[in-house]
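In what follows, structures are represented as structure tokens.
Shared between the two complexes below is subunit A, which pairs with subunit B and subunit C, respectively.
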Partner chain A sequence: MIGASLSRWTMAYFASALFFLVAAECMMAGGYGFPHAAVGAPATLILVHVVAIGWLSVLMLGALFQFVPVLVAHPLHNDWLPLPTLLALLSGLAALILGFLQLASQVDPELPFFALASVLLGLGFAFALWNLGRTLWSAQSRPLPARFVMVGLTSVVATAGFGIVFALVLARTTTYGPFVALAGSALVIHVIAGLGGWLTVTAVGVSYRLLAMFMLAPELERSSTKAALYLGVAALAVAIGGGTWAILHGANFTLMLSGSAMVGLLAVALYAGDVVYLYKARKRRTIELNCRMAALALASLAASAVLIVVLLVLGQLKEYAAAVVFLAAFGWLSGLGLAQLYKIVAFLTWLECYGPVLGKTQTPRVQDLVIERRATKWFLLYFLAVWAGTIALVIGYSPAFQGAAAAMLIATGGIVAQFARTRRLADVTAAARLPVGVRKPRLLFAPSHQN
Partner chain B sequence: MFIQTETTTDPAVLRFLPGRDVLGEGTVDLHDRTQAKASPLAERLFAISGVSAVSLGRDSITVTKNAGEWQHLKPAILGAIVEHFIAGVPILTDSAASLPHGLSAGAGNSGEGELSGRIKDALRAVIDPELGFNIVDLGLIYAVDVADGGAVRITMSTTTPGCPATSYLKQGTSECAGAVPGVECVEVQLTYDPRWSPEMMSAEAKARFGIRSGGHR
Partner chain C sequence: MTVPLLELDVRPILRAGGEPFGQIMQAVASLVPGQGLRLLATFKPVPLFSVLGAKGFSHEVRELVGGDWEVVFRPTDVAAGVAASATAASDGSDWPDPLHHLDNRELDPPEPMVRILTATEEMKTGEVLSALLCREPIFLLPELAKRGHAWRGGFEPDGTTYKILVRIGTGKQATV
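Let's look at the complex of A and B:
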């Protein structure tokens, strides 16, 4: 068969990811972690990893198991592996959090949580890479968006690799000199590889295709798109490869990172140009909520890039790095993720419920599973809260940041409620909801025969 | 764009009905590449290996083959026809004035054509879930071939290759067409040559999505 099928555990990935987003927002609203604790404090490290692994990575992997087959028109290599992958990631994250709590002397220091986290998270990401990598490798063609995803997946190796080294050094499992040197100085490379390489480059690749698909815009294979890819790869190579080399050989690390930032910003500028073109060239003049809200996420990415440029010029990037990371993680990546989830949850639910009876009976449209008007206010509140939180971090006013995080939490609650309603077909008119042969879907997974 | 295909009494000849005027009136018969220069559409068709003659009618294009199987030729012919109409170029050039015009031969099987139309109407009950519009007006049904005895072959596409709804759309199309009285069996063939584009939508579908019409129905 040409094409993809429903990935059974996609909804479980999305639900787990949303749980961790809500958990992270609760932490921020409650004053747990930065800015109430130092950047390197255990509380901040827990918060950061709940967001990076629990929310963003789990969300991205769940989406990729469904979306990579669409990108390359080839079925997922292995349909049952996503479940053990998810379990390994979630248990690995739990072990990592316990390891950080050991650092804060809140948990028995004898238990090897960091080593356990290294094994479980390494296993989870390895499963995912193998499954997605084999799918991409087996495809007859790999269009540009798929190549962005390949770069993103390669960055996972670097991100997880650094993370494992840090964990082993923190646990005192190893005292190998180069590892200790990296654990002392390579945190910024870990962040760039994770936030910039894995999450942003993958999101860029996915967005090229999703935006073209949902807005009936041309699929881009133009020179600016290729240049964005190559420059992105170059920026990552300089930051990860060059940065590691600089740390281990005592070379100028800051110079390496500055060079990487320049090239990376150029790649973002080209991507921004492409996205503006996609919106302008779209055939579908009236676009749906997911594409309208994606524009706000893209604006957040542009704002992050501008902020980096301004701070680089002022020589104050290090002082305000938290604000940039916050805006990129919650405005760009989380904003885009939530916006696309709004469409993807409805689409997958439609396929699960109404796909099998298509042609046999009248079916509602995907749009009939949602009420955009009701969801719009929650999305707008979310983005306004994120931007307010960023300003609060820039001006260094913690209570305002907590207030913004609380607003984010409320908005996320509203958005999650819409997802649950979609999943339960609550917004479909009673007459159209359950035609003969259709059953209400389960909240967290699709039945095994949906292939 | 919805193209019906009709068999004729001659197995080497197939008629394609693009659902819009071709010449409007009369016919033009083109027997080689030199004559085909009078028609950009015929030039595209003659570029396909195996096509030996093209006859342009009021609302149909009749293609004669001298080599190959229809199952291999048809996707290329359908693609050439769709590409021609999307390009919006005229059917005939000025040099066509020197060619002999005649009346349409009218050799079609009206019973099969009528069944094909009923299938097309029935398929309007099948929607593309993402766009929320029926697959006929979206232009996803490229051809409906009706053979003797009610055997139907439907050539269709999806809005994007690898769409997770692909198997459901194929199955739904088959189920829906199979329920039309007179249809004995249905084969649904999926193709991405040509790739679907919004220009293939009907005027009604284009209006629904706010797409400016490019001169198609």
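Let's look at the complex of A and C:
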């Protein structure tokens, strides 16, 4: 094996993603979309896709282009494709937003925005799948975390497939009966495939490796880890495959979803057990901010799972689905993403700047690029705000939800400022910052000669 | 002047799940001065560009029909002699006993990488360093290659300790 290199556009992915996170928080704080608008209203659909595609998917893909080669010890199949991939996704998201505005009669209805969005987003995800798929395919070994990522990438196909069907039906490009039936009933499958299959399963796979790496804990290849993978696959197969079949054949769709939920919850429980084991078995006693804050994200995942169980028992999952989705998207996925970004941005910047001169001259440590004490308060504010927002959604008090979203926005601003400072080496002492042979990094990309 | 290119097709090895790196380096070591290498692979071997670039080879890349890749590595003016001597270590030839031993298994990342690179900077050409790690040093290997050092590494039979041997190369001065 030859090693992994720095992916040139990783920072551009992260910056784009953070832009959309901030945009989404502005919308929520300003009362745009749910709970002021209905779940299916264009404003809510815009908000949801800004979060799911603009923030979470772009963040995840940026991380995967860097992380999959590390995971399987094999170079990325194609180094230049990530940039067109990003451009296709961003322009596709813009077209999708315009399509939703069209539904709300807020823009000129003549242009086929939904069709355009289908093509551009389809292309962006296809590029990403091709690049990551070929990388995984060519690798000599695919450890368990990589197999979680493969399941996540397969779920992208299902998510995007449903999304394209919905877009074409909404745009009245097609009136094909089964498509119209799916557009009427399969929204929940689209959400499960995206939030559960693509984002959560991938995050689970990545977290197994990252947590082990940063805490000096053993790599898990336990039977519980394998069982979590297989149960996760089974839950997705039942929800996506079984759910689609049920809609098209008039079978009991709710029964399929309930079955999937039970298997999925079991998988989450096994994952939770593994994570507790990782934290306990770690050799590193004092853990860094990213692992401490990841624990709060993991607690949010556990809380989402408990909430689902309680609501299923009470038979009220549908009424409170928005609160569960909010907690999973912002507490679990976004919380984990922000926490790990804190370390990843510092590490990649450190490697880019100081890697070439390590050992030749005195260089700062990775931890010298960050000031954890300053970042901790923003992270704590972020998680508290997310949990407050969840409670506000459960009790249905929208001013409190807007207040919580505003607090999330402030916290995110604080966190993003830390990322920018790290990237510009602003927290490294002036004497240590730029030894001979080291150049200040660019904010958004690494030089092309980095290998 | 025009020595024919040495051709190496590693696609069968890659398709069988094998690791052709040793064979590629062996082929590079066997090149006569001025000779280039035509490599056929199932993927674009990007890290090789810097490994061989550090040894003075330029590269031309072409994607073949069917998704395979052809890369032609040609020695630039100063390269051929240095390249052969610097990379010979990656083949099966015997290395001297390690002069230094590092146990980096309990260190927080990326401290193991920092210690190894620091140690290599204080060693002389041909000397060997041995280090124990708790995982494959993914980001260290390209850096060693850029500095012209050769390495051999792999997991010990216990499956958790990764042992790497680094032999200090002659390409050291040519780097960054």
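The rule is short, and it goes like this: the second predicted complex is superposed on the first by the 450 of 451 C-alpha atoms of A that agree within 3 Å, B and C clash if a C-alpha of one lies under 4 Å from a C-alpha of the other, contacts with A are read in each partner's own complex, and residues count from 1 in each chain.
One rule holds in what follows: contacts are C-beta pairs under 8 Å (C-beta built on N, C-alpha and C of every residue); 3 or more make two chains touch, one makes a residue touch a chain.
Everything numeric here is computed off the predicted structure, so don't read it as measured data.
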| item | value |
| --- | --- |
| Clash or fit, subunit B versus subunit C on superposed subunit A | clash |
| Partner chain(s) touched by A:M213 [first = subunit B, second = subunit C, both, neither] | both |
| Which superposed partner A:H49 touches (first subunit B, second subunit C, both, neither) | neither |
| Subunit B versus subunit C as contact partner of A:K283, first or second or both or neither | both |
| Partner chain(s) touched by A:K360 [first = subunit B, second = subunit C, both, neither] | both |
| Which of subunit B and subunit C A:R147 touches, first, second, both or neither | neither |
| Which of subunit B and subunit C A:R421 touches, first, second, both or neither | neither |
| Which of subunit B and subunit C A:Q66 touches, first, second, both or neither | first |
| Subunit A positions touched by subunit B in one structure and by subunit C in the second | 1-5, 69-70, 73-74, 213-214, 216, 283-284, 347, 350-351, 355-356, 358-360, 363, 365-366 |
| Subunit A partner contacts - residues on subunit B that touch it in the complex | 125-127, 129-130, 132, 158-169, 171-176, 190, 192, 198, 209-211 |
| Subunit C-facing residues of subunit A, complex | 1-5, 69-70, 73-79, 134-135, 138, 140, 213-214, 216, 218-219, 283-284, 347, 350-351, 355-360, 363, 365-366, 437, 451 |
| Partner subunit B, residues of subunit A touching it in the complex | 1-6, 66, 69-74, 213-214, 216, 283-286, 347-348, 350-351, 354-356, 358-360, 362-363, 365-368 |
| Residue ranges of subunit C in contact with subunit A within the complex | 14, 17-19, 21, 42-51, 67, 106, 108-111, 113-114, 116-121, 134-143, 145-146, 160, 175-176 |
